[in-house]
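After this come two complexes, each holding subunit A, first together with subunit B and then together with subunit C.
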Partner chain A sequence: MGKILRTVLYIPGNSPGMIQHCPVFGADAVALDLEDAVSIREKDAARRLVTAFLDSLDFSRVYVSVRVNGAQTPYFKKDLEAVVPKGPDALRIPKCESTDDVKRAEEIISALEDEAGIPKGTVKIHAMIETARGLEKAYDIATSSKRLEALTLGGQDLLADLGIQKTPHGRELLYARSRVVTAARAAEKQAFDTVWTDINDINGLFEEARLAAELGFAGKAAIHPSQIPVIHEAYKPHPAEVARARRIMASAQKAESEGRGVFSVDGRMVDAPVIERARHLLRLSELYENSNRGDETS
Partner chain B sequence: MSKNTPFKSRTAQCGTLESSDCLVTISESETSHIDYRGANAGIFRKRTEAIVKELLDESDLTSVAVSIQDNGALEVTIRARIETAIERFLQGR
Partner chain C sequence: MNLITNGKGRAVPTDVPGWGKFRAYKSPFALIEEEPLRTRGCPAMKAARPGEAKVTRSLKDAIQRSGLRDGMTVSFHHHLRNGDAVLPMVLETISEMGIRNLTLAPSSLTDAHDCVVNFIKKGVVTKISTSGLRGELGAAISRGELDVPVIIRSHGGRARAIEEGSLPIDVAFIAAPACDEKGNLTGCMGKSACGSIGYAKVDARYASHVIAVTDDPVPFPLAPKVSISQNEIDQIVIADHIGDPAKIATGAARITRNPVDLKIAKNAFDLIAASGLIDQGFSFQVGVGGASLAVASHLREYMEDKGIRGSFGLGGIGGYMVELLEEGLFDVLYDVQSFDANVTSSLLENPRHMEIDASLYANPYTKGCMVNDLDVVCLAALDIDTDFNVNVLTGNDGVLRGASGGHCDTAAGAKLSVILAPSFRGGVPTIKEEVQTIVTPGETIDALVTERGICIHPRREDLLEAALKAGLPVKEIGRLKKEVEKITGRPETPEVDRDHIVALVEYRDGTLIDCVYKTRNT
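Now for the complex of A and B:
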C-alpha cells in the first residue's frame, strides 16, 4: 500500500454534516459507514448520500473507504452497485469468514468496475475479521484476492462472538490482534486495529494505539475526531529511531554504490528487512514534519 | 371513500433537522407547490426550487407538495434527500 494510514475515522453514512467535513478532521483515512451507524430504515438514504458525496466532494489527501453492509444482508449488493462506480479507494467488507466471502465481493466489484469503465482493481477490499470463524481463516482470507489490501480487526463483534467482555487492558484481544497482524503480514497485506469506544478515555486510547503500533498494525480505527491526534501521537516514531533510520538509509546508498550487499550501522548488521523498516520509519516521520509545517493536520 | 374512512394522504420523508441537513417531505396534493424554509431560504430559494422541479420532472411526478426545512445543507445533500424522498414516495413508504 502506498499511503500510510495511521487513522481510519468512521463517519456515519447518513450524517451530511460529518461527511462534508471529512477533509478537515485530520485523519489519514475515513470509512463512510453504511453498516452499524445507519438504522435499517435509513439504509437507502445513507447509500444515496454517501454516493452523492463520493461524486462531488474533494476529499483532498484523505484515503476514502466505505464500510458496506455484510454479504448476508439484503443491502450488500445495492451498496456495491451504488458505491463502486464512484471509485472509492476501498470497501470495508464486514464479517468475512471465508475466502468465498471475499471472492463474492471481488466478482461483483470487478463487474461493476467494468460497467463503470474504471480500471480493474481500483477499488480495494479491506476484509473485516470480527468473528471467531473469520479469525481462524484470517490467512486464507488475506490471500484470497489481489484486490484485498488489508485485514481489519472488528473487536466489538469479535468479543460478542467469543462471549467475553472488553477490558481496559485489552488482554482479551491480544491473541486476535496478533493473529490478524501475522496473517496480514504473511500475505504481504496491511492490518488495521479495531476502535477504542470510550471517547473520554484518552489515556486508554493512547495505550491501546501504542500496543497496536508495537504489534504491527499499520493504523487504528477511530470513532471520533478527538481520537485522531491521540492515535497519531502513539504512532509517532522516536527521534532516535528516526536518526538511526537516516543513518541506515545513508549507509545503504553508500553500500549499494560500492557493490556491497551487507553492512553494519551502530555495530549491528543491516539487511533488506532492516532497510525496508528504516524506509517506512522515515516516511512515517515525514507525516509529523509536514504536520509541524502546517501541511497536514495530525 | 366512505364517510367513516379517514383520508390517508400518501407522504414520504427523508433527512433530519440536524445542522447541515434538511428534512424533505413529499405529499399528495391537488396542486403542486414547494414550501422551502430555513435560515438561508431567501438566498437559496431559486436554486432549491429549480432542483425540486428538475427531480420531480425526472420522476414524472406532478400532483405533489414538497416541503423542505433546510438547516444549512449543501446542494449535494439537498439533492440526495429529495431523490430519496421521491423514491420512498413512489414506493409508498
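Now for the complex of A and C:
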C-alpha cells in the first residue's frame, strides 16, 4: 500500500532556497518543477540544481517527484537522463494525450534505470491530463504502463485548451475532475487534483480541496507552503467516520476468525471495498494524530 | 589588562584603562542576590527662578551654556531610528567648537550614525557606550579604530548604569518631536513623531544638563501628552529638522510570507501553547521582524477562539500589538520604543497604551521592572550555541553588526524565552559549537525554534514533556546542528586578534559576560 499523498507541493526547480527546505514545509509530497516555473534560459541550470539536490539532500519522509518538461520539448530527454539515475519517487509527465506519450517515457526511464543499476520500476510515472485530447484518453493513459501510479489533473492548461475561464465555484472543471478520477480508479491508480492559484484565498482553497476529496482525488497540488495545512484540513476525516471505520475493522477481524465473508455494521452490509475504504480512513486519520511529530526526540 | 575567566568560560578584563574596574559574570542572578542594594548616583539639584527663558538661540550657544568640555559624556536616544538627525547635528557642532575626547553614550546607534566614524577620526569621540553598532561604524570599531573598547549595554543595563552612576551623563541631548517653551516634550506629536521616547526618560532624569532639540515648538502647555516634563529640561534648541520623517515613521510591518519564517512561527506558537502559559492575564513580548508577527497572529486567533484576555504587551511595540490592544485581547501595552508610525497615534490617544522608561522596562536594580512579569518573550538570534548562549551582536565574519537591546533583560525576566531563528542563513548554520559573542546566557533561554525543529534547554524538563505530549517536532540541539551541517557544512570561525579587545559586553547587572575582538582582514 502506497504512502498517502494529500498534498503535492510544487517547488521551482531553479530556487535552491526553496528546495533546501523541502523537508520542512509539511507537504506529503513535493514536485520539483523543471517545467512551467522555469524560464527557457534557466532550463539547464534548474536541471543541474534539481539533480544535485536529489543527490545530496535528505528529503526525510517527503515523497519526491519531479515535473519534467513535456515530451514535445527539447528538454524532455535531457531532464529524464539527468533525473532518473537519482531515483526520485516519480516523474510528472506533462500534457499526456495518448498511450504513446506514456510508453515513450516508460522506455526511456526503463533504459536509464538499467544503466544506473536501480531496480526497474523504481521511478513511477504521474501522467498529467491537461488537454481535452488527454482527458478523452484518460483511461487508456491510466492503463498504459505498470509504472504509471497516478493521473494528475492540470487545470490551468485544460481550461485554456477548452477556451473557458476559471470560476470560484469550479463548475467548469467538474466533468474533467470526475472523468480523471473515474479513469484512474478504473485502472486502480490514484488521481491528484490541480492547483488553487490564489494564495490569498484560503476559503476558496479549502472549498476546492474539500470538493477534490469528496470526488475521490487522493490529494491536491499546492503552489505555496501556506496552502498545505488548508488542504490537509480539507482531507481530515470526520471523527464519526473514523469511529465507524474502527468498528468495521473490528467486525471484519471477528468475521474473518469466524470464517464469514459478509457481515454488517450499524445495520449496513460490509464487503471488501467497504473494508478497504475503512482501512484507508484509519491510515489517513493517523496522519492527523501525528501531524507535528519530528523524526527524533531528545 | 588583567583577564579572568567568567562563569561562561570567557576571558574578560577586570580593569580597563579608560573605563575602570569590572566584575566578571557568574550567573544571571548571582550579583543581584549577593548585592541586592546599590547606591544611586544622583545629579545635583538645580534651581530656576520665575521667568527664566529656556529657548536658546542656537545649538552652539546651548552647548556653550551647558558647560560641555573635553573629556565629558554626552548622551542621545535612538527613537528616531534610521531617520535621526540630532546626533549627527550635535556632534558636528561640538566638533566645530573644538571640544574633544568625549564619551558618546546613546541608547543605541543606528544606520543614521555612520558619521560617528569621522568624529572618532577627529578625536571628538574617544569612548562609546551603546546597545548596538552597525554599518560603517560597526566595521570601524571591529577594525580597532577606537583605542578604548566600546561598552555594549542592554536597555535595562544602561538604565542601571546611569542610575547607579557608572555611566554619568554630563549633557543629554533629547530629540523632541514636540516641545513647548518650558521644556514639556513628547515623541507622540509633531512632524518628526516617533512614538515612545522611553529610553530618553532616564537620561533626562539623571543627566547633569539636559538640552531638548525640537523641530516642532508648540505653545505652553503641551497637551494632551507629556513624556518628559519641564522640571527636567535645562535648555531648548529649535532646529529646522530633527530627522527624516520617511525613515523615522516606517510603515506598519506586515506579516511575513516567507514560508520558512511561517513554519518557524507556527512551531513557536505551538510550543508557547503547549507550555500552558496562554491563559487569562497572559503577558507577552514580541518583535516585528521575521517570524515574530506571524507568532502574534497565531496568538490572536487562539486568544479569540478561547476567549482569553491577556494582561499586557511589553517592549518595543509594533502596530500589530496595537490591534490586539484595540480588540481587547490585552488590557494594556507598556511601550518603551515604538516600531511603526501607527503606534504613535495609539500612544497619544489610548490611555491603555502607556509609555514607560527603560528602567521600569528592564533595569534589574529596581523594585520591580516589567520584564520580571513577562510570561513569554519571542526573541531573535544571529547565532546560538549548543548551550543555548545567544549572540545578537557580531556577524559570521566577527564584525559588530547588531544590538544587545532588551534581549538579555527579557530572557532573564520571562517565564518562557523562545529564540526564533532559521536553522541556517545564507548557507551558514545558526547553531554553533560556540557563539563568537555571548550576549544572552543560555541559562535564561528556554527553547530554540527553527523550521527544522524545536530544541528545548535541558533544564526545562517540564517544557520538554509538554512539547512531546503535544506531538511537537522536538530535537536535541546537537542533533539539529548535525542535521543542518549535512546541508551547509561546518563554517570556519572568523579570525580575530585575541590581544585586542574592541568591545566589552556587559550583562544587565554590569558584570562582563564577553568581549568582542579586533577582526583580521576586514
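One rule holds for everything that comes next: the second predicted complex is superposed on the first by the 290 of 298 C-alpha atoms of A that agree within 3 Å, B and C clash if a C-alpha of one lies under 4 Å from a C-alpha of the other, contacts with A are read in each partner's own complex, and residues count from 1 in each chain.
One rule holds for everything that comes next: a residue touches a chain if its C-beta (ideal position, glycine included) is under 8 Å from a C-beta of that chain, and two chains touch if they have at least 3 such contacts.
Quick caveat: nothing in here was measured; it's all calculated off a predicted structure.
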Look at A:Gly26 in the shared chain and tell me whether it touches subunit B only, subunit C only, both, or neither; answer first, second, both or neither. second
Can A:Ala52 be said to touch subunit B (first), subunit C (second), both, or neither? first
Is A:Ser15 touching anything from subunit B or subunit C once the two structures are fitted on A? First, second, both or neither. first
Is A:Ala255 touching anything from subunit B or subunit C once the two structures are fitted on A? First, second, both or neither. neither
Figure out whether A:His224 sits in contact with subunit B (first) or subunit C (second), or with both, or with neither. second
With both structures placed on chain A, which of the two partners, subunit B or subunit C, ends up touching more residues of subunit A? C
Now for A:Ile4: first (subunit B), second (subunit C), both, or neither, which partner does it touch? neither
State which residues of subunit A lie in both footprints, the one left by subunit B and the one left by subunit C. 20, 56-57
Okay, in this complex, where on subunit A does subunit C touch? 18, 20-21, 23-26, 56-58, 224-226, 289-298
Of all residues in subunit C, those that touch subunit A in their complex: 257, 259-260, 262-263, 270, 451-456, 464, 468, 470-477, 479, 483, 486-487
What does subunit B use to touch subunit A in their complex? 14-16, 18-21, 73-74, 76-77, 79-81, 83-84, 87-88
In the complex, the residues of subunit A that touch subunit B are 14-17, 20, 44-45, 48-49, 51-53, 55-57
